[in-house]
Amino acid sequence: MYVVKSPLSDADLTTVSEALQGALVDLIDLSLVAKQVHWNVVGPRFRSVHLQLDEVVDIARTHSDTVAERASALGVSPDGRAATVAGASGITVAPQGWVKDTDAVGVLVAALGAVITRMRERVAATGEADPVSQDVFIGITGDLEKHHWMFQAESG
Amino acid sequence: MYVVKSPLSDADLTTVSEALQGALVDLIDLSLVAKQVHWNVVGPRFRSVHLQLDEVVDIARTHSDTVAERASALGVSPDGRAATVAGASGITVAPQGWVKDTDAVGVLVAALGAVITRMRERVAATGEADPVSQDVFIGITGDLEKHHWMFQAESG
Amino acid sequence: MYVVKSPLSDADLTTVSEALQGALVDLIDLSLVAKQVHWNVVGPRFRSVHLQLDEVVDIARTHSDTVAERASALGVSPDGRAATVAGASGITVAPQGWVKDTDAVGVLVAALGAVITRMRERVAATGEADPVSQDVFIGITGDLEKHHWMFQAESG
Amino acid sequence: MYVVKSPLSDADLTTVSEALQGALVDLIDLSLVAKQVHWNVVGPRFRSVHLQLDEVVDIARTHSDTVAERASALGVSPDGRAATVAGASGITVAPQGWVKDTDAVGVLVAALGAVITRMRERVAATGEADPVSQDVFIGITGDLEKHHWMFQAESG
Amino acid sequence: MYVVKSPLSDADLTTVSEALQGALVDLIDLSLVAKQVHWNVVGPRFRSVHLQLDEVVDIARTHSDTVAERASALGVSPDGRAATVAGASGITVAPQGWVKDTDAVGVLVAALGAVITRMRERVAATGEADPVSQDVFIGITGDLEKHHWMFQAESG
Amino acid sequence: MYVVKSPLSDADLTTVSEALQGALVDLIDLSLVAKQVHWNVVGPRFRSVHLQLDEVVDIARTHSDTVAERASALGVSPDGRAATVAGASGITVAPQGWVKDTDAVGVLVAALGAVITRMRERVAATGEADPVSQDVFIGITGDLEKHHWMFQAESG
Amino acid sequence: MYVVKSPLSDADLTTVSEALQGALVDLIDLSLVAKQVHWNVVGPRFRSVHLQLDEVVDIARTHSDTVAERASALGVSPDGRAATVAGASGITVAPQGWVKDTDAVGVLVAALGAVITRMRERVAATGEADPVSQDVFIGITGDLEKHHWMFQAESG
Amino acid sequence: MYVVKSPLSDADLTTVSEALQGALVDLIDLSLVAKQVHWNVVGPRFRSVHLQLDEVVDIARTHSDTVAERASALGVSPDGRAATVAGASGITVAPQGWVKDTDAVGVLVAALGAVITRMRERVAATGEADPVSQDVFIGITGDLEKHHWMFQAESG
Amino acid sequence: MYVVKSPLSDADLTTVSEALQGALVDLIDLSLVAKQVHWNVVGPRFRSVHLQLDEVVDIARTHSDTVAERASALGVSPDGRAATVAGASGITVAPQGWVKDTDAVGVLVAALGAVITRMRERVAATGEADPVSQDVFIGITGDLEKHHWMFQAESG
Amino acid sequence: MYVVKSPLSDADLTTVSEALQGALVDLIDLSLVAKQVHWNVVGPRFRSVHLQLDEVVDIARTHSDTVAERASALGVSPDGRAATVAGASGITVAPQGWVKDTDAVGVLVAALGAVITRMRERVAATGEADPVSQDVFIGITGDLEKHHWMFQAESG
Amino acid sequence: MYVVKSPLSDADLTTVSEALQGALVDLIDLSLVAKQVHWNVVGPRFRSVHLQLDEVVDIARTHSDTVAERASALGVSPDGRAATVAGASGITVAPQGWVKDTDAVGVLVAALGAVITRMRERVAATGEADPVSQDVFIGITGDLEKHHWMFQAESG
Amino acid sequence: MYVVKSPLSDADLTTVSEALQGALVDLIDLSLVAKQVHWNVVGPRFRSVHLQLDEVVDIARTHSDTVAERASALGVSPDGRAATVAGASGITVAPQGWVKDTDAVGVLVAALGAVITRMRERVAATGEADPVSQDVFIGITGDLEKHHWMFQAESG
């Protein structure tokens, strides 16, 4: 059986694994929700929101890959399957059917806000256990907060 | 409320909508399963399978976008949310935990095979109703069958 | 004198030639109308509509070239001169002077809708006569319907 | 209603507007005529003339965009619709049907010659009224005369 | 032993396999004949024909790869060896020694004409058996007929 | 000490130097004001205005470099320091704090308008003294008037 | 009125805001001073210093954009206007007129040194308040110290 | 009739012509055999061998073009037709049907080995007759031996 | 003599210098060992390991440059000469002669493991002394652990 | 015989032709002199001057092509042969043998100065006769004066 | 004074220097003659010959740079000034005024032929004295003979 | 055990192997020494020398890879480990600590000179044994002598 000796102690590994698995689920769901709104948005700001959402999809996909491979690098199997994502995501706002552009912006503000709150907790939790993983979470948080600002500014 | 007058009759639209929604769910799940194995594969062929899976992810993502936007173009709201994907996907083989490379190849042969069977049914079902959508399904089927072959050949 | 022996029967060639010549005129006019609005649009959504219209211009120009060269390949001289376009185009909505952004979106919904209706007729008419030309019309229809959706969604 | 305060006096604006609108029509028609010959040319020099004409199409399209946006920048609505082009173009040589390669070269020599003559008049007319627009006409004239030479040289 | 379960019935598979194998041989031979003339053409139009032939080589090579991999995807071993090509190609005009440019154009008109005739038969034969393979043949036919036109136009 | 013998007479050099130094200050300030609004704009059109402003920053930076190096080429030391810019700029509208998108458009219309007026004076002043510098000012004026139009059209 | 709920406490936000605003002013001024010397340097090492300064301009512009957008992301309006920069910059060495190359190197050593000292204080001040902003300051400090070394080495 | 005065003596020309014609046939056949295995390989190493073979195809095609054009440059008509290749190639191992990956590697080791032996003889034969052609053969030999090594190492 | 005033205290500088010099030696040796195996690996997985090793070489070279320039930026002369590397490297597994592919993977697991252990100690040692250098070590550790995982997974 | 009807009067054509022919000779010689110094410069500033000279070669070659094609466009045969350049160039400073770097800079200052003086005369002479040619001379003068400044600054 | 100790004996150096200087003059003149014809060619094949000549210019310029820097690398000052080229070139066919396309091809056949004859003598002369320089001459000869063939083939 | 049948006789293989192994060690050491000086150079010419050294590193790395793979292609295991390099390199001038720019140039002149002398011996030794390897050495020698010249010219 495949076992990797982790550079971390067991306690640290537990902390970091939970953070990475949680981030993975959040980021995959963010990519799915952003694509969902990308396809369903309607209203005068359709094109602007449609394009902006693909930028969110891009960073969510890129960071989810980084986070999953970071788990593998620590010897922990990542789980990014649809049912896992559907059951454990921190995002609760994925809308059904067509979405007015103003509502679409609100959905993203809420979704990004939920993920950011949890990501900041991961930054705080992992600093001592594994500064390498913490650095990954810090970078992700910065990117998410930038996009959070831009959707908030559109509601300004 | 947002209503688009479809170029298709109601009956044709129903047929085509179901085909597009089904394809969307299958393709998103294919992208998630392929990523899952991409992260969890182990064994001597790790690197080769790891890289090959990202090519599957790429085509699954590209085609899922095409299919969802085709639904929107016909005035039908596509649904690509995690729970929808988890509930309706035609793929039943997403593995948990580390996957031996030979098993990984088998997972992909099975997953691609399941999606291809349903995609060929969509080709057959939509030819009269909407040749534009049918042409999309034909192109997707060709790409999936190419990758199906390559994973089968690795088991040869 | 230059005569090309067509791979099609005379009857089929007549059918396909008319379809190709009609598509050529529609697509050139679509490129001219989209450019006209690109230059004359005003209003808060100016920049978004201005950029979106150049994407329509690009696909209209690309497809008009494909359609004209397809006619030549079948031994039929294509006619894309200004007077021919002015006289035979299926688009009836080219506006004079400045155009409010909401009106601009409406002009494109109408122009694309008119061209799509005729293009779907060409798909239906040419399937037996020449599947190669039909495949060209199917591809064009898919692209036009995608842009049609995006302008409709902006009115949603 | 949309009114832009022009940086030019009314008299100067009239002069410059006419020059820009005239140039717009000539350049759009040049792009259409060059494409027409691009598709219809036959003879041993087919490939060379076919490729050369696309270079003319490219500069005609690029310059027509510059000229139309220059009109908009001065607060004057440009008109590049098919009927306007068909009615006001300075080019009188758009051929019908297949064109022998030697004739094709002659068509372009004539078409470019006609546009150049009018463009030089615009250079002369606008120097005092608006040196910015004049500089645009000078650049266009240089490009057109280069292509004029190359088609003339082919008849040499 | 390596056996792939084909998505087609045995009868359909026989039809499609023959079409794919025939197309493979024709396209490889087209690439060899076009290269042969590319190296051996002489006369005032040398450079134009020399360059044009490499475009034919490119599409012949690309399509032969697509066709062979399509056969493999259906579980049928493709055969593109020199002796097979020499024995089964539909092209009968490969010239020996230097070729005058006018003759070179004639060789390509004949070679492309022969391949097109057989490719249209494959389009007709495979539509019901396998629309995916048919779509490949339709695309190839379109490309070949475009180049056929351009060489015919040079003889115009 | 470093002295460059200018190709211009002393009187001409004085005229041209003042024009170049004035343009340098205006263009640097334009880049700073555009960035300021780029960061501070809020409202539904946030993303569109945010992106549009970076295009203004790009041309302002490029042209300020050209103008400063043109001064150096004439043997005149350019001054683009913050205090010089703050004291001598022709722009009087740099806003403090968050800016509503409609106001942001107005700020740019005013800022570009102020710079254009002074740039046209420089075109007029330098034609006899140094046609090379005048040509630089003409090019800058054309670019600025294009962007001026686009912001005005958004208020249309 | 536009108010963003910051993820930071009020005290932390004050600390981080001051650091970001201070960094913004320093970096904009660094870009202006580096450009000033880029245009005014003279001496045998002109070309080397001239090119090296544009690299400093590039990183100063890139980092100033990051820092300003980080402030916006935290709900704090950044101020990068010329007068603010002129009044609050940590750089005190912007030279007037031509600058000998050896002096130019000294100016940059001093300017970079001043900014680095303040940037290291920001790294120390923000670690607890906001590790995301701290990570930005760490990255900037690393880049500045690299360029500081290279100018010092030229005086070695 | 087309005759080129060669820079070589008749005897030298005979030597060099035979070497070039032989190399042309070997390299075209190498490209066909490598493609044949590229399509027919099966087994766990499928993907690796499949990709590696396309690199062999690329160099075989590139070098065959160089060799044929070198013959033309010396006034000797090259012959690269299918029947010529089938009759004169130095490769005797082109397999029929599916090929196990270990066998595929063996086929390439044998095919490259056969071509290398003959290519080294051409290097030896042409040094005095034409150092320009010899230099071409030396370069080809180096490339072939590199790929020969890599397939041998896979059997190691 | 060349002395740079470091931004660090003497004690901190000693700590950080040792960490940087140690990392430099480890990374240069990693690049040499990875190249050594890149050239000497044999076995069925030759191609996969051969390519994977060049990715290790790339990151080892890039990071060694960063680390050495970071030392210079702190005023400490880096030493990356062959004898220094041979004497002080943390890698003890550089193999002589041909290496079986399974052994090659083991060599890299061991070499990367040794460097990672020391790099994590550097992360721990430098956090207070110099967060800028620590951030460099964190980034390097993340990259090394990713490649460590991939070689371990190949042994799984 | 080949005669092109010029758009200019005979007197204007004489004026413009002389200017274009003179500019052609000067620019070709500038490219040859700059290359000569590029190869022969020695001294501590070798690399900087060596690279800088290739930039001069690039603009000299580009502008010489523009000027010659402008002459052809006006129906005047340009003469850029070596003997013509050797006999009529305005540059009198091409050095023989190795050149010290300080001398190399001086050679370029002198060569560029000589060409600039004559180019400014051409700007003055052609404004009325042909504003298109004058615009070409203005652009060339601007580029030459920029490089003249940079070599002068190196002597500062 | 600058003296480089050559790796060659005095006698060998004399031989190689003469060969390099002769090649430099021939190649510069070839680039000038090819440009001359590029600008002056007329006739139906104008465009083809015009483009083909720029390819000759490119290789002549590239090789002249290589040859001159090779002389410098051996410690011998290269001389590529206009008067030297005019006096010592092996090309005697530079035409004055417009050139018919058939004559243009003949000029290039003659010019390339003259340079090739001398270049082959250099290959023969330098093999023992300096194989590095010989290898340069072999590469140049191959390129020149390829272009020589293509112009000859156009006369075929 | 892995044994490759070499295309060379045993005696020739011994000669060529020694030459390749010697070249490998020299080139790796050259890359390390050039990097060492790249990091440690100080003085007014820092930037120029710093950049120039990275070009030496690039060619040394590229050629060392070619040489090592050439050895493998002949069935000889190359040895490029740090201790081997430290023990067998032909370079004896790797400096410790900071290096003045004038000294840095001297170090490179000496290092390149030492490697060139040995590389010319390898050219002489391998011509009969293996012209393929000799051609590699000739190409390397040409590149090294070019850089040798450029560093010498900087001391001129």
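Each chain gets a letter, A, B, C, D, E, F, G, H, I, J, K and L, in the order it is written, and its residues are counted from 1.
Methods note: a contact is a pair of C-beta atoms (placed from the backbone, for glycine too) under 8 Å apart; a residue touches a chain by one contact, two chains touch by 3 or more.
This is a predicted model, so every value here is computed, not measured.
Shared contact partners of subunit C and subunit K are D, E.
For the pair subunit A and subunit G, the CA-based superposition corresponds to a rotation of 120 degrees in steps of 5. Should one ask which of H-I and C-E has more C-beta pairs in contact, the pair is C-E. Per-chain CA centroids place subunit A at a distance of 49 Å from subunit E. With centres set at the average Cα position, the gap from subunit E to subunit K is 42 Å.
Averaging C-alpha coordinates per chain places the centre of subunit E 53 Å away from that of subunit I.
In subunit G, the positions touching at least two other chains are 2, 42, 45, 48, 69, 72, 98, 135, 153, 156. Applying the touch criterion to all chain pairs gives A-B, A-C, A-F, A-G, A-I, B-C, B-E, B-H, B-I, C-D, C-E, C-F, D-E, D-F, D-J, D-K, E-H, E-K, F-G, F-J, G-I, G-J, G-L, H-I, H-K, H-L, I-L, J-K, J-L, K-L. Listing the residues of subunit H that touch subunit K in their complex gives 2, 4, 7, 69-70, 72-75, 131-132, 135-136.
Interface of subunit I with subunit B (complex): residues 45, 48, 52, 102, 150, 153-156. Listed in rising order, the residues of subunit E touching subunit H in the complex are 2, 28-29, 32-33, 35-36, 39-40, 42, 65, 68-69, 71-72, 77-83, 85-86, 89, 94, 96-98. Chain contact summary for the complex, subunit F toward subunit A: residues 41-48, 50, 98, 100. Every residue of subunit F that touches subunit D in the complex is listed here, in rising order: 116-117, 120, 123, 127, 134-135, 138-139, 141-142, 145-146, 148-149, 152-153, 156.
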